[in-house]
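Take this structure, written in structure tokens, and hold onto it; I'll ask about it next.
Labels for the chains are A, B, C and D, by order of writing; each one numbers its residues from 1.
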Amino acid sequence: MSWSQITVQESDFNLSEQYELLRQKAGDAGAIVLFTGLVREVYSMEPDRKCQPATVQGLTLEHYPGMTEKCLQEIAQKANSRWPLLATRIIHRIGMLVPSDQIVLVGTASAHRSAAFDAAQFLMDYLKTRAPFWKKQQTLKGSHWVESRQSDSDTIKRWQLHD
Amino acid sequence: MLEIHYFASVREAMQRSKQQLSLPEATMTVGGLVELLSRQDACFKNVYESGKPLLVAVNQTMVDSTHPVCDGDEVAFFPPMTGG
Amino acid sequence: MSWSQITVQESDFNLSEQYELLRQKAGDAGAIVLFTGLVREVYSMEPDRKCQPATVQGLTLEHYPGMTEKCLQEIAQKANSRWPLLATRIIHRIGMLVPSDQIVLVGTASAHRSAAFDAAQFLMDYLKTRAPFWKKQQTLKGSHWVESRQSDSDTIKRWQLHD
Amino acid sequence: MLEIHYFASVREAMQRSKQQLSLPEATMTVGGLVELLSRQDACFKNVYESGKPLLVAVNQTMVDSTHPVCDGDEVAFFPPMTGG
């Protein structure tokens, strides 16, 4: 049975602690992949929007309590049914963040590297478009909701799952 | 009674995060509910007719407009997700 | 100009230090991927060899000093020319290791996640088959050199580079 | 003089990690060098004729058997890599 843990929290996370947890829970793992998403200071819109890049001063993350955890559990289960994972870990922060802050952590452990890499990428692709989180950016010109990128929806297609 | 939640830009446009609604029929579709809310609420009409994508979840699962809505359900309206 | 650092060392490495180094050197990164390879205790041969899995007691890593660093530099340059990376880090250990020890670290930082994921996977695929490292396993039945897996050479083909 | 290095299983089979060799000609190919070493050294003949893959680097770059070898070059023989 694979170990999996999901957390939605306001507080920051410590990558090192999460790595040691994965190593400990995974047993005889040969490969561990950790992904972290950070708040970028310069936010470029999609090329077709013809906007100047904005300097981000802050980011507020809203979510749908209850549904978020349910979605992340489902995404983790999907990854576990697709790859022979020994352990998975997802942390997503909510609330107010500033540039260079950590937003999200996805960690996967497996016997071999390809499963760990593919599952981590799959978890991020699904999390980006299927889990109910919304980002609002604060710039010098005011606040606005980040619009979803078509490229993120397209990315899911590569997993060829119809669900 | 139906509990309706709004999130992100939809929440701001609706000027509230949730509301309760008595269903006029025992069961209706999500599409029927959207039409009902558009008739009753100018804010909702604006959101719905803005042309921006509007997503719906019933009992915390994403559904399409043909999905049934029953008394006691939790319905949520929101824009496409932008987490990660 | 992207930051890149390569180290071949006997001593262990601290993932957290390497992560903070990548964050610092990468500037306005939105995505950081860290991969670690660990010594597994149960080593299964390729299915077609029909061998029982062996319990590994130790692993000795030999390398070709000079050529190793040169190869890893080339691999990092290839990754940098293919993806818009802000920082890359490779650490490979040599000498005697035991099960659950860290063997290798690959870290990539980029503005967006797909470049960071793809580059990290590319670096590992190339490192496995192009950098002059060799593993010798100690088991209860004696010592033997690990033979290269055909699957590792096949994995390189997906990058469709003829070099 | 040529400096020849052996690594991993090849080093063990050769019972040494390196050797020096005077080239009989100013330039020869890697293939020619392999034949020369096979004639001169029973251990090298065993390695070469074992059927296991044998890789060659000249001046720390992987090459094939048609690559030239000149006086002063560093040549290395080793099995396929198994790092990572």
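Keep in mind that, in the parts below, a contact is a pair of C-beta atoms (placed from the backbone, for glycine too) under 8 Å apart; a residue touches a chain by one contact, two chains touch by 3 or more.
None of these values were measured; they are calculated from a predicted model.
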Between subunit B and subunit D, centroid-to-centroid distance (C-alpha), Å: 73
Chain centre separation (subunit A, subunit C; CA means) in Å: 24
For subunit B paired with subunit C, centre-to-centre distance based on mean C-alpha positions, whole Å: 49
Subunit C and subunit D, separation of their C-alpha mean positions in angstrom: 26
Junction residues of subunit A, two or more chains touched: 37, 113, 124
Residues of subunit D whose C-beta touches two or more other chains: 84
Category of the chain touch graph - line, ring, star, complete, other: line
Inter-chain touch pairs (all): A-B, A-C, C-D
Subunit C residues touching subunit D - in the complex, by the definition given at the top: 37, 61-64, 66-67, 70, 92, 103-104, 124, 127-136, 145-148, 153
Interface residues, subunit D side, partner subunit C - complex: 5, 7-9, 11, 53, 57, 60-62, 76, 78-84
Residue ranges of subunit A in contact with subunit C within the complex: 14-16, 19, 23, 28-42, 99-100, 111, 113-114, 116-117, 120-121, 124, 155
